[in-house]
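The following blocks contain the structures, represented as structure tokens.
What follows is chain A paired twice: with chain B in the first complex and chain C in the second.
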Partner chain A sequence: MEYFIYSLSLLVIYVGLAQLMHVQFGLLGIPNFGVVGFWGAGMYLTGVFNVSLNMPILLSILAATAIVSLVAWALGRMILDRSGQAILCATLAFSSIIGVLVISEKWLTNGVRGLGTIRYPFASSDFAELGFAIFILSVVIAIFYVSIRLRDSRLGRVLLSIRDNEELAASLGKDTSGTKRLIFALTCGVMAFLGGLSAPLKQFLVPYLLSPTVTFTVWIALVLGGKGHSFGSIVGVVLTVGMFDILIETYLPLPPEYAATIQNLKLFFYGFLLVAVIMFRPAGFLGAGRMGAKPKHATSTTKQEAAS
Partner chain B sequence: MQIAFDSVFIGLLEASPLILAAMGFTLIYYLNGFINIAYAESITMGAYAAILFNVVIGMNFYMAIIPAALASGTMSVAVYLLIFKPAMDRGVQPTEMIILSVGVSFMLRHALVLLVGADNRYLVEPEIKYLSFLGQGATNLQLTALVLVALIALALSWMIYRTSLGERMRGLANNPELAAASGINPHRTSVAIWFIAGSAGGLSGVFTGVFSAVTPMMGWNTILIVIMVTIIAGIGSVRGAVLASIAAGVLTAFITLVTKPLYAEAVLLILFIGILSFRKGRMA
Partner chain C sequence: MRLTATSLSKAYHGHVVVDIPNVSFGTHGLEGLIGPNGAGKSTLMGLLTRRIAPTSGEIALENEAGTHELNALQSHDVARIGLIKTNQRIQGFDGLSIRDNLALSATSSDREGLSSIFDRTRDAEDIEARVAALLEQFSFADPDGSAKSGGEKKLLDILRCLVAQPTMLLMDEPTAGLPDDITQSVMELVRKKVDAGEMSVVIVEHDLPMIWKYCDYVHFLSEGQMLFEGTPDDVRENRVVAEKYMGV
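Moving on, here comes the complex of A and B:
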């Protein structure tokens, strides 16, 4: 039961991360390949504040979130006005930098020996774990609520217009750079918040947790479910993390020597799925959703109008 | 002064695999206009093919380099024909192409692990002699590798700037319709370039592997630096890739000498983000 709550909490965190990527990439068109960097920075900073500075866990999470949001804002200022490829490389580089710092700054993170133990809030209570899982769930529900409301709002339409034709949006007087920076900093901050929530789940932080597989899993879930659909992230995460990490790894009666093979088979299969979806169903299982569909002829005429 | 000399010396030795990888990577980027993360697996594949010919079959190390490079080039062409070309024909955008290539990379890497296991493997080197050179020690193997890399780099650069294949490639990259109209066979040229690029990556893997170990993650661990060097050098510039690789190698050696080795990577990546940010307009 305890392990089931742990797996489910982790699954919900992945759903949250994928939903944030839906906002960044699906709505706004920012290909953030540094998910593990923002999530991991939030997790490690929470750990450092909580263990080394003895700050209460919830306060540690908030402080970590604030710091990562600021860093994301600064990073966004540097690179968000570049092309998608440049953003992708820069965010990937950012997550590598975090990975390096976590290992090299031993005085802060204890390096490969690990940082711990991080306890649940109200750890003395009998329902600490369950309560924390419910808290994580409500955070992710809030992320969904805000992102769906965002989509239908004025700001949401600005985001879609930036994704589809940034020059046009700028020429209509929208502050496209400022909007991108703001949304990027906020969503990366929430990634860090989810990272902070993961810290008590993991209890003991080691650099190995920040492997690029995290970013990859979030991306495969997003692309699989449908990057433009509001519920694509749920479908994607259930089909990937839910199927493999929970169903197969926990409940299939496999001999322990297969554990490593299953892990490799899983990542092979993720890669295969990603290739198949991009080739044959680029919009994902759920499609683009109501407002995600890009009317091709419409954009070309607006471009002509803008030119004339 | 000594530290400057040491940095250049060590940097040159360390940069030699990076030079090859960056040269190959930049060709694909230039020709097809997307960042091919799966290029990492060309590097890994070269090293594992060298293990096959050198350790399993028992060929001499220098002899095994050739089939290893050919195997890596063949894999590169196969991936191009089976996945990347169909995807480009379907009109997949550059950003999605990168995501696709990440998928390909995971697929190939974990297929490899499933086949041969994740353990480190070691190439059987020819006899090692230590040579002293102006106060710096180097092995005969390191110096041979450096000379070999220099020769291969010269040959590649001659091919790109002086032969008709290079001209066809540049024509295709700049204006595919015009190139096709003037009688360039886009298919054959692309296959040739992907083969050459894959072979260069494979060679890079062999030279990385012989100085340390051959692991399934070796390509993935270098690909970010390869991308970085290529973008800084200017996409499609083979000579630029050589210079930027050497600069990265020397800088890494210098930072390693004055502080911790781990900081070298972090500093390079921070510099990279800074350069991306200051270069307006162009892709990078």
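Moving on, here comes the complex of A and C:
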């Protein structure tokens, strides 16, 4: 049961990360390949504040979120007005830098020996784990609520216009650079918040946790589910993390000698799914969703999909 | 409304495309800018709206609010003080419906902040009314879908600029790719807005009959230089224009 709650909490965190990428990439067109950097920085900073400075865990998470938001804002200032490829490389590099810092700055992070133990808030209670899982779930539900509202809002319309044609949006008076920076800083901050929430789940932080696999898993999930669809992230994460990391690896009664094979099969399966989706449903399982924002006069989704 | 450029030049790799000591637009109502291919008309339009950075020179916009030096401004700031340009090449936001394209352009940026996420209604009534009025005047196959044909996209590009209520509108070859009757309705609407004193307009165009028909004043640009300007009749009868452009 405990492990089940842990897996489910992690799954929900992945859904949250993928949903934030839906905002960054699906709505605004920023190819952030440094997801693990922002998430990991949030997680490690939370660990440092909590373990080394004895700050309460929730306060540590908030402090980590604030710091990562500021860092993301500064990073965004440097890279967001460059081309998509440049942003992709720069964010990937950022996450690598975080990975290296976590190993090299031993005085802060304890390096490869690891940082721990990070406890749940209200750890003495019998329901600490379950309560925390519910808290994570409510945070991710809030992320969904805001991102769905965002998509239908005036600001969301500006994001879509920047994604589609930035120069044109600017020529109509939209502050494209400022908007990108703001949304990037905020969403990266929320990634860090999810990282902070992951810290008590992991309890003991080691650099290995910050492998690029996190980024790739989130991206694969997003592309599978549908980057432009409000619920693409759920479908994508359930199909990948849910199916393999939870269902097959943990609950399928397989003989132990298959353990290594399953890992490789997982990558094969991800790749297969990805190729199949890109070939047959380029917009993802759920498609692109409603085009732009909600028209007042109801038009059918299928008609709009056909048009786009 | 007066848009002036002084000592304006633009060179690509040493090749001078635009070199204008002094020019001003916006005081004659509906103005035309004509010239042979490669004269630098589109480059000049890009320079005036800060989409292209000049090699040298100053650009300033005077309106009721005062004089704005455009050199220090970014593209979106230029649009916010009321100077907007339509595009020669077809451009658009494919992810937005035609209605949303227009509403986006009509909405001022201070209403597009983070707080708009939690607003119950998306567009204010006056915005919706402005959009609806345009959509009534110009018909699209599906206003709640995306613009389909090249003609629809071109028309949408012009309407997107008009609905923003600029004080000065630059139109870069508005008629290219538009059916004649639509061109005419667009120009009638522009003419009406100019006459009502709502905006000044500069039109870059190869369709000379249209220039003679609608413009109050015409500038002639050739090889990056302003060679002549005057009323349509003056320009039509000018020997330089005839030689350089009309091949007479």
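Convention: the second predicted complex is superposed on the first by the 291 of 308 C-alpha atoms of A that agree within 3 Å, B and C clash if a C-alpha of one lies under 4 Å from a C-alpha of the other, contacts with A are read in each partner's own complex, and residues count from 1 in each chain.
Throughout what follows, a contact is a pair of C-beta atoms (placed from the backbone, for glycine too) under 8 Å apart; a residue touches a chain by one contact, two chains touch by 3 or more.
Since we're looking at a predicted model, the values are computed, not measured.
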(request) Examine A:270 and indicate which partner it touches, taking first as chain B and second as chain C; both and neither are also allowed. (result) first
(request) Tell me which partner A:167 touches in the superposition: chain B (first), chain C (second), both or neither. (result) second
(message) Contacts for A:248 in the overlay, against chain B (first) and chain C (second): which applies, first, second, both or neither?
(response) neither
(request) Name the contact category of A:103: first (chain B only), second (chain C only), both, or neither. (result) first
(message) Contacts for A:175 in the overlay, against chain B (first) and chain C (second): which applies, first, second, both or neither?
(response) second
(request) Scan A:149 for contacts with chain B and chain C and give back first, second, both or neither. (result) second
(request) Pick one for A:157: touches chain B only (first), chain C only (second), both, or neither. (result) second
(message) Show me the residue ranges of chain A that touch chain B in the complex, using the header's touch definition.
(response) 31, 75, 78-79, 81-86, 88-90, 92-94, 96-97, 100-101, 103-104, 212, 216, 219-220, 223, 260-261, 264-265, 267-268, 270-275, 278-279, 282
(request) Sort out for me which residues of chain A touch chain C in the complex. (result) 146, 149-150, 152-158, 160-161, 163-165, 167-177, 182, 228, 291-297, 299, 303-304, 307-308
(message) Show me the residue ranges of chain C that touch chain A in the complex, using the header's touch definition.
(response) 49, 51, 74-76, 79-80, 84-85, 87, 91-97, 99-100, 103-105, 107-109, 111-114, 116-119, 122-123, 128, 142, 144-146, 148, 160-161, 164
(request) Using the touch definition up top, name the residues of chain B that touch chain A in the complex. (result) 34-35, 83, 86-87, 90, 92, 94-96, 98-100, 102-111, 113-114, 118, 220, 224, 227-228, 231, 260, 262-263, 265-266, 269-270, 272-274, 276-277, 279-280, 283-284
